[in-house]
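So that you can tell them apart, the chains are marked A, B, C, D, E and F in the order they are listed, and the count of residues begins at 1 in each.
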């Protein structure tokens, strides 16, 4: 039965999660050099426009409409233009909220996912190419994956794997896609020799804070109601983010004797990534472990592994979201309890069941392979048909001017013209 | 002693620093300036209105060198900072009467 | 019946909409030259203080108390100091939330409206004059207009015109007032010859993001409950803003081959302006049209028309809110459906009824004429009794120092004093 | 009975209040010199990590578990690691929300309190010392005080004193602790001779705005449900903040003929501080008085008193929170009405009862003495066992580099390296 | 060749640029500096405390001109930048030994 | 007239200003520059990656003084700005041909 408490909760969560995408733009924008600020903001925020219109037109339908063909791979077009989607009646996925609310709540997740990828491509990709890339990525990666994991009759759902708030669909898919795309795109000029200093830590901090607070709505909202599951998810998210921040600070203290804002906030964020798939399945104490371990895992990925393989994952979309998401998916398989959420058919490994962890690993593999392969395909085709990378001169000049003719702080010097 | 003062494109600072390293010119300081000359800026679009940025961000480099190194320094700058397009900038040479290293109190060429 | 779900929803929406006024300050503040930053923040944010106290003392009563005199023009003083306003019992306007909640929810709208006007007056008006202007504007324009459109026994309400979340009262009135006031005030020095570069695009972006996310609460909250209407309003707002962002980007691409952050965000904002009066009345598909068309309409207003007439609407309060609001009011008359919201007595023009569109046009005309005339009156009287404009020297020096003795970034250079 | 409306409300309030701590970091960060920006952000935001983990492990239990020993001083360990804390069942403190929700809602208050203190210590304390200080402060001041004021069987609760949203536990304790700690720590170099210019007013403004909007959730949420009490609390908070902003602007106008953004926003904040303990107990009209008077009171504290005694309360944690909180506690004793909230056993002084004001004064004294004494103890021990203050050279260089090797705007100059 | 270096009030840059345009002095570069001299700043109010901004933002303009244009340049600056109040700033003239246009390698007055 | 141009550590500006006040040297202007020399910056940690800030923020002070005050000025700077560690900076002395006070049109030493 539709009830106002649940509607209020999911509506507000929709707003707060929507706010995360501009927040991500600030988070990324603060980390880049000044000359690429506008380009970074733009590459993230345009996703709002594009993903909304595509979702309304057909994306929602492809992801959540009844299965087309019965392969569990993609939905049909019966929900296109929000057909059969009502602001007063409940739909298939939730009995307590109107189907249109479910549709826009899912939309805000679909907006932020391609925006995450952009972090890997920062500072060297032409904006029109990013635009086209995101359009095709949504079509070929996001909608199918969302359908497989969450959709009626979806493939991965059928495996018995669980994913509370989007570990596979959102974090693993975007992180892995970022990795693949940034390898195909190539490194920034001077990568490995030069230091890329962030230009505005407070801007990064504002963005990180919006992400942190918004994430509670992100994970909590996935309970699709103001109920015990939402409380469980938010509580786990709080604990995991706090623990991850502390362990990141610990690592920095041990290695460098100093802690940084960039480190501490990154720690909190990876703590949130890791708990995302697990939030509504695991007990409180395990959130401490999930969060506490994600920082060393991601730290290693962002330093040792990245350096070793030499790919230029500029703002660590893969290091944070890909790696953190995989750890989160595995952790769900370790710590989930059917008593907490009967959607999980089995308990996690630490409680003795092996089926769930197996299903989780399979789901992760499918997500990694599927999104990696499709991203590679899109990038290769893109390279054939359009200019994907800016020229070295444009890269040196900065993408703000070369791609947008817009500076981030034109009159900041106080010199009027 | 001479002061070689160059106004260059911002994107040329990185390669220039590398070049100086090679030529062992290692004391310098830089700042951002806005300049105008023959180059009249680029067009920005501001909610539909086209506006010209007619003062363009440039980098000013100052290097104090011994008299005999002036031409070398100029050459390095010319090699790296030239694109052939309007807006490449200028090099000005001025004379410096004295140089003192604050740390040691040394004066003259040894202090550079 | 008062119920916790609706109370929760409207309370939270009140908070989020309140946050929009500081957001607007940032949005505006980022667009001005560095030397006018503090003045811009101040001119927007002081509205919070002034509008709250006036609303509590008598504003709420003038707007929403029973009609004084029966002309449908202004309320009486029976709600002054929130008399007869209770935090536990429902009032006349909503049966499901306490009347005090209704009062503060309406308040947050009343705060942001004069703040919008400030955008037209940026960079040349003395702060004390702005203060007095806003006080009288609230008294002479906002309260009467709110009473006419929303109040018990209001004049415009009687016409059968509808206005879901404040197209007339908020956007048209503020936009038109901005236009009239900026013409009477005169242009900034050098306007038309000189370029006014924004000083901080990320600040503009932060503000724009707060507006965007907050607007969902703005439109959704006007359903005064966590119900289907709220879902309808939010869904429409999402779609319209996305579509408007894309069409603005399209215009920029066609004209300049480049898209800018300032353009894209402005597009989203005008998309939200346009859907404001329509949000709870129109079907989803029409939101795509409303949003898709508002960008070319506003773009034309902000370039061709502004240039032709030469008025200096500095930050485009008229171009965005005035024009966007008018288009939204008309669009409501085109696309409204009684089936969606029976508050509309007739369907829109595209469904064959002509009464609604007529009523809408009349309502728009009344709003335009009333707010334009009163603003002119206030400005003329103000010019007689006090110094309204800064001196040319103060304008050149910047209003931060001349009006506030406060710089925006005193120690940003890193040079301690 | 647990109901979705209340759960929705308290969950969302938890998120919004959580967001206030990073907001406070920005608020403080904008006010310091550029060279101490990162240090200020870090000193505030690390509290999120530390306070979360400590709360989960034992803090919540010490504060809210059944009394240990029956002195009303501290709780036992029965809630450690959120034992006996459920995301589906209600606990002792609220029948309408799950106990885990109560626990995390209380947590967000516990996060921001030590973060407030940091404002007094800005610009001269070593980061490891701040870390250790906060850990012990939470243990020795916050948990006991929370237990005494709010806990089952708490001492101060037993006096009949009331504190709606944390006047004693949060504002008085942090303000007084800030004062004591900053005196023991000593002034910044050059204090009294030199001017400390803020480096980024917009950043301060963003933070202040987040605090302002979030505070409505802070006070409203303490009703622990979406009910009339929440509406009362939010309405009072709105009125008080508006009035305080106006009176602060009035003071500035009278004294300096100019108003500043820093003043106006500070006014709003102290208005919120003052209403915090009173919000759910006093009638609307009294909020106007409470807010209207807090500005002159705090203004005097921050200018006359601070100057007279010469302590260096760098960002006025004591001037805002200590003084404002004391005034709020007294005001509660003046204006509370049992009719509004029967938790108050007597009416306030203006309604003729003297018991409440007596209890309030006693509660304030206990809070002041207890937190002052314990802070002094912690600081003295700390000074014995570790380096608490940076060297004069490090202070001159800035704590960003000396403590964190991280600059706030490394590449802001636009000069790539 | 001479370098004319002027420290002026920030609000005088715009009119000065216009004046230079009229007098066909078209190569220059500017930056922001903080200065102090006889002018001791203005009073800011910081949460009730009055503090003096004793280093005041100024604009420094550098124009390298041929020897015969020096006096004209000074005149233009004096005409536009003078308000008669303390804080109008200074003009310093220094000699420049060489000027090179990076784009073409031209040297001397033609390179200006 | 001479221009004394000093590159110093940012944290030395405040004491230096106080010292100048004592010695009645009251006209000066400052700006921020990035410099490199023997000092190669400090190490920053960027999400685990150690990066070297190899251009370090410095303050450049310019003081134009009458010829006879040059050595005094240098002495004051040396006294205050020296720490003895690499990175203390340099002082450069250049000759200035003319100085004009914009406010009054005065020229020469009186205009300082």
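Some points to look at:
One rule holds for everything that comes next: a residue touches a chain if its C-beta (ideal position, glycine included) is under 8 Å from a C-beta of that chain, and two chains touch if they have at least 3 such contacts.
It should be emphasised that the depicted structure is a prediction, and the values quoted were computed from it without experimental measurement.
Listed here as common contacts of chain B and chain E: A, C, D, F.
The pairing of chain C with chain D is characterised as different-residue: of all residue numbers used at this interface, under half are used by both copies. Two chain pairs, B-D and C-E, are weighed by contacting C-beta pairs, with C-E ahead.
Between chain A and chain E the centroid-to-centroid distance comes to 51 Å (mean Cα coordinates, whole Å). Remark: chain B and chain C have CA centroids separated by 49 Å (rounded to whole angstrom).
Centroid to centroid, with C-alpha atoms defining each point, chain A and chain C lie 33 Å apart.
Distance from the chain D centre to the chain F centre is 43 Å, each centre being the mean of its Cα atoms.
Listed for chain E are residues 10-11, 14, 17, 30-32, 34, 44-45, 53-55, 83, 94-95, each touching two or more other chains. Touching two or more other chains at once are residues 3-6, 8-9, 12, 16, 35, 194-195, 197-198, 200, 206, 256, 258, 260, 262, 405-407, 410, 413-417 of chain C. Viewed as a contact network, the protein chains are fully connected, with every chain touching every other.
Against chain B, in their complex, chain E makes its touches with residues 3, 17, 26-31, 64, 94-103, 105, 111.
Across the complex, chain A meets chain B through its residues 35, 190, 194, 393, 396-398, 401, 405-407, 410, 413, 415, 417. Across the complex, chain B is touched by residues 195-198, 251-252, 255-256, 258, 260, 262-263, 266, 299, 302-303, 307, 316 of chain C.
Residue ranges on chain A touching chain E, taken from their complex, read 413-417.
Taken in their complex, chain B has these residues touching chain E: 2, 6-8, 31-38, 55, 58, 60, 74, 77-78, 81-95.
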